[in-house]
Amino acid sequence: MIELVDVRKAFNQGQHNELWAVRGVTLRLEANCTTVLRGPSGSGKTTLLTLIGCLARPTSGRVRLRGRDVSGMTERFLTGLRRQTFGFVFQQFNLVRGLTVEENVMLPAYPLGVSRPELRRRAHNLLESLDLAPHAQARAEWLSGGQAQRAAIARALVNDPAVILADEPTANLDTDLSHRFLDIVRDLKRKGKTLIMTSHDPLLYQAPEVDRVIGLRDGHLD
Amino acid sequence: MVVNPAIVALAIATLASSLLLAYSAAFGWRLVRTWDLSSGSELQLGLERHTYLISTLVAFVFATEAISLLLFVYNADRIAPLFVGAMCAVGTLNTSPFGFPALLVKVLVFFAASTWLVLHHLDTRGYDYPLTRLKYGLLLAVAPLVVVEAYLQTRFFLALDTDVITSCCGSLFGANREALGSELAGLPPVLAMTLFYGVLGVTLVVGLATRRWPAAGYAYALLSALSFAASLAAIVSFVSLYVYEHPHHHCPFCLLKSEYGYQGYLLYGPLFLATALGIGSGAVRPFARVPSLSDVVPPLARRLTNVSLSMFFFLVVWVCILTARSGLVLLGNEGV
Amino acid sequence: MPNNPWFQRQRYLVDFTVGALARRKGRNLALLAVYALIVFVLASVLLFSQALRHEAAMLLSSAPEVTVQRMVAGRHDLVPAAYLDRLAKVRGVADGRGRLWGYYYDPSVAANYTLLVPMSDPPPPGKVRVGATLARTRGLGVGDVLSLRSHEGHPFPFTVDGTLSSESALLTADLVLVCEQDFRALFGIPAGLYTDLILTVRNPREVTKVAEKVLRTLPDTRPIVRDDILRTYAALFDWREGMVMVLLSGAVLAFIIFAWDKASGLSAEERREIGVLKAIGWETSDIMAMKLWEGLLVSVFAFLLGYLAAYLHVFGFGASLFGPVLKGWSVLYPQFELTPRVDGFQVFTLFFLSVFPYALATIVPVWRAAIADPDVVMRQ
């Protein structure tokens, strides 16, 4: 489903602090699979995740989504594709302060101009399935860690994407909440979603729900 | 020299537009030379990011040009009383050889801008920047036009010299000078009418034909431009006469005044829109062959043509109405 | 149609913008205040000038079509009544009269009065009618005595018979109406001489031709056509207005810099917010559209606020802030009611002069903020 061919990613290219985060990764990820990218900090796993999720363009190399080459696409089309295909859950959750939970969940669909009643319905259903319905009108900054993460997951699901990407999802959670997170993972798997996560937490990459673990070191596959 | 707020505004606007467009053209030059879509290097990414800025700036400049066209005409009308013999904008524009050329170039810039904007819109609908290089290359051609316009407008404003009482002796005006040509010559009404209805009739027919034969779209674009010219001739030659109910008042600008109920807007608005969209519809058709645009071009061209057609149609109907309800009888006088 | 995606998208963007503006009240209020101030200043000048212009035009429309003055050695001299007979023979002249008027300097208020013998209904001998401003300045009411010095130095007392209505106060401010014999006695002008002659012309289109003929018939005169006066005033007002605009351009420039600064100075919170939006699927054009909506909303609001304040300032308070510059050199400032006039052309020009620079100033900062990489939130 997602194919990376010899992708490389550099930051600050041409300057004295030039950094190559990913150095030639070739990878093939199947649908309906739950994959974890594992490696120490600085291994480039987060950068690789952004390349897989079309959040960044590779400096060189090709990225193919469902057979289609997306490396040379305009930002408009790439973003459109990304909105449809991927949902991101960030390590810091990154909810917008000052907005309610419900509004936060609805945000990714704004540029699509989905009708408001329809969008609210979708948001409400997602919040319900994640036990957040009573907090729908609460301000995002009032949520606890676990609640915030679930809100972030709801937001990632609002456009019904096929793939969910999560960066270090259990890094800010205690064991209890981590287990709850795995429940959610199981649930998403059942619904046919593809999951790709980065983690250095053994609780996650050794869990039975995980189908495949890919190791990363210094921008290369292990 | 005449310095009023509108002139100050227009001067600032043209200066800003010229500078912005020159900057954009310089960027366009860089882009045309170094654009490489397959590369993911930071240079390419930087270029792509910059296109957002430049496109916004150019769209802004073109919107400003459209507004300044209107403001220019309106201002010319306003300051007409300052010149002896000038009864309206026509007189003002005739005070120097730069007046009408400035207006003409402004109109050209308007249509160049509208065409560019249509192409830009089409470009954004493709997933691989299909027309970006072309678009910025075209910018290099339009930019000089804007600079010429700025030059002509500035010379025009600088040449404005009001006829005011300055010396204590002999302050009589109009005695020894030629008339300011406050009248525009028109074509004989029958000829103008034949031309108008004829050209627009053919335009409408060809426009409808494009539904069946898209290739006719190029003819339609050309006919749109011709219709513009024919309509202007018509306005000067007979439509204004009917509106003013006066056999010798040919001024095309007085129509915009409040005394005539701003009827001019109902003429010029649809006319400019129809022409701009008509030319635009022709401009997009060659790109139907581009793979990323093959299913975008036909519906877009169709939409542009439809709006253009309805505007031309409205124009014809409106001219008929103005003719019918006027108290002036023109055709009965022919041959007398 | 309002339900199609494009409209809905705009509505969402506006929604988000309004929320964002409310979340950063402090910064946005400062911007709004400065913006409205600029509009206020520009609008005040335009509105005031427009009202003055209208006043003057209204008044001058009742001025005589042709005024004939006699010139001796390049200076204005008295004109003999005999000229009237010669002018009556000029074809195109419908009527000709002599006019008596002059200036009187009053040291007690250090001002010039204009003394005029009106064409019809002169005051009775020994009585005068004075302009409202003069009455106010000298504290004169009906029945009070105004004492002037004759050309021989003797006091010449007049009783005030009435005041002139202040409808067109601009030109009657310093006017004193007297009867012909009092005028001649005061200034020592013998019968048979007038200050100037006024003519009415049969066909208004022929005014210039008639004026030419007058010049040929009486070579030592200078005929002044009314349209020329109107034109001169109009040009003067225009010029003054334009000059003030040019001077204010400094303020506008400062405003542009301020606007640029405000638009660039995104707080860390704002940058983060934009980063998040881009990460969850908003494009650069969505962010730019949102920011431009923000600019538009602020502009419209500031424009309305500034214009309204200017309207009140000019028509409610008589433009007390900078009336003198535009009114001119007269020592006596009339207190007249300006007729409120709003002119589409003017609003348009004002819009162009205020919103255009603002929009221009914000495009680049808005773009800079919007091009944040979508993955920038991940790198923090």
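Read from first to last, the chains carry the letters A, B and C; within each, the first residue is number 1.
Quick note on the criterion: a residue touches a chain if its C-beta (ideal position, glycine included) is under 8 Å from a C-beta of that chain, and two chains touch if they have at least 3 such contacts.
Being a predicted model, the structure only gives us computed values, none of them experimental.
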Closest chain to the centre of mass proxy, which here is the mean CA position: B
A-C against B-C, pair bridged by the larger set of C-beta contacts: B-C
Intercentroid distance (Cα basis), chain B paired with chain A, Å: 50
Distance from the mean Cα position of chain C to that of chain A, given in whole angstrom: 63
Chain centre separation (chain B, chain C; CA means) in Å: 32
Two or more partner chains touched - positions in chain A: 75-76
Residues of chain C engaged with two or more neighbouring chains: 284-285
Chain C-facing residues of chain A, complex: 46-47, 49-50, 55-56, 75-76, 79-80, 82-83, 88, 90-92, 94-99, 107-108, 110-116, 155-156, 159, 167
Chain A partner contacts - residues on chain C that touch it in the complex: 3-9, 12-13, 16, 19, 23, 269, 272-273, 275-277, 279-286, 373-375, 377-378, 380
For the chain B and chain C complex, residues of the former touching the latter: 2-9, 12-13, 16, 49, 52-53, 56-57, 60, 64, 67, 71, 74-75, 78-79, 81-84, 162-165, 168-175
Residue ranges of chain A touching chain B (in the complex, touch as defined): 10, 13-14, 57-61, 71-77
Chain A-facing residues of chain B, complex: 37-42, 45, 48, 124, 126-129
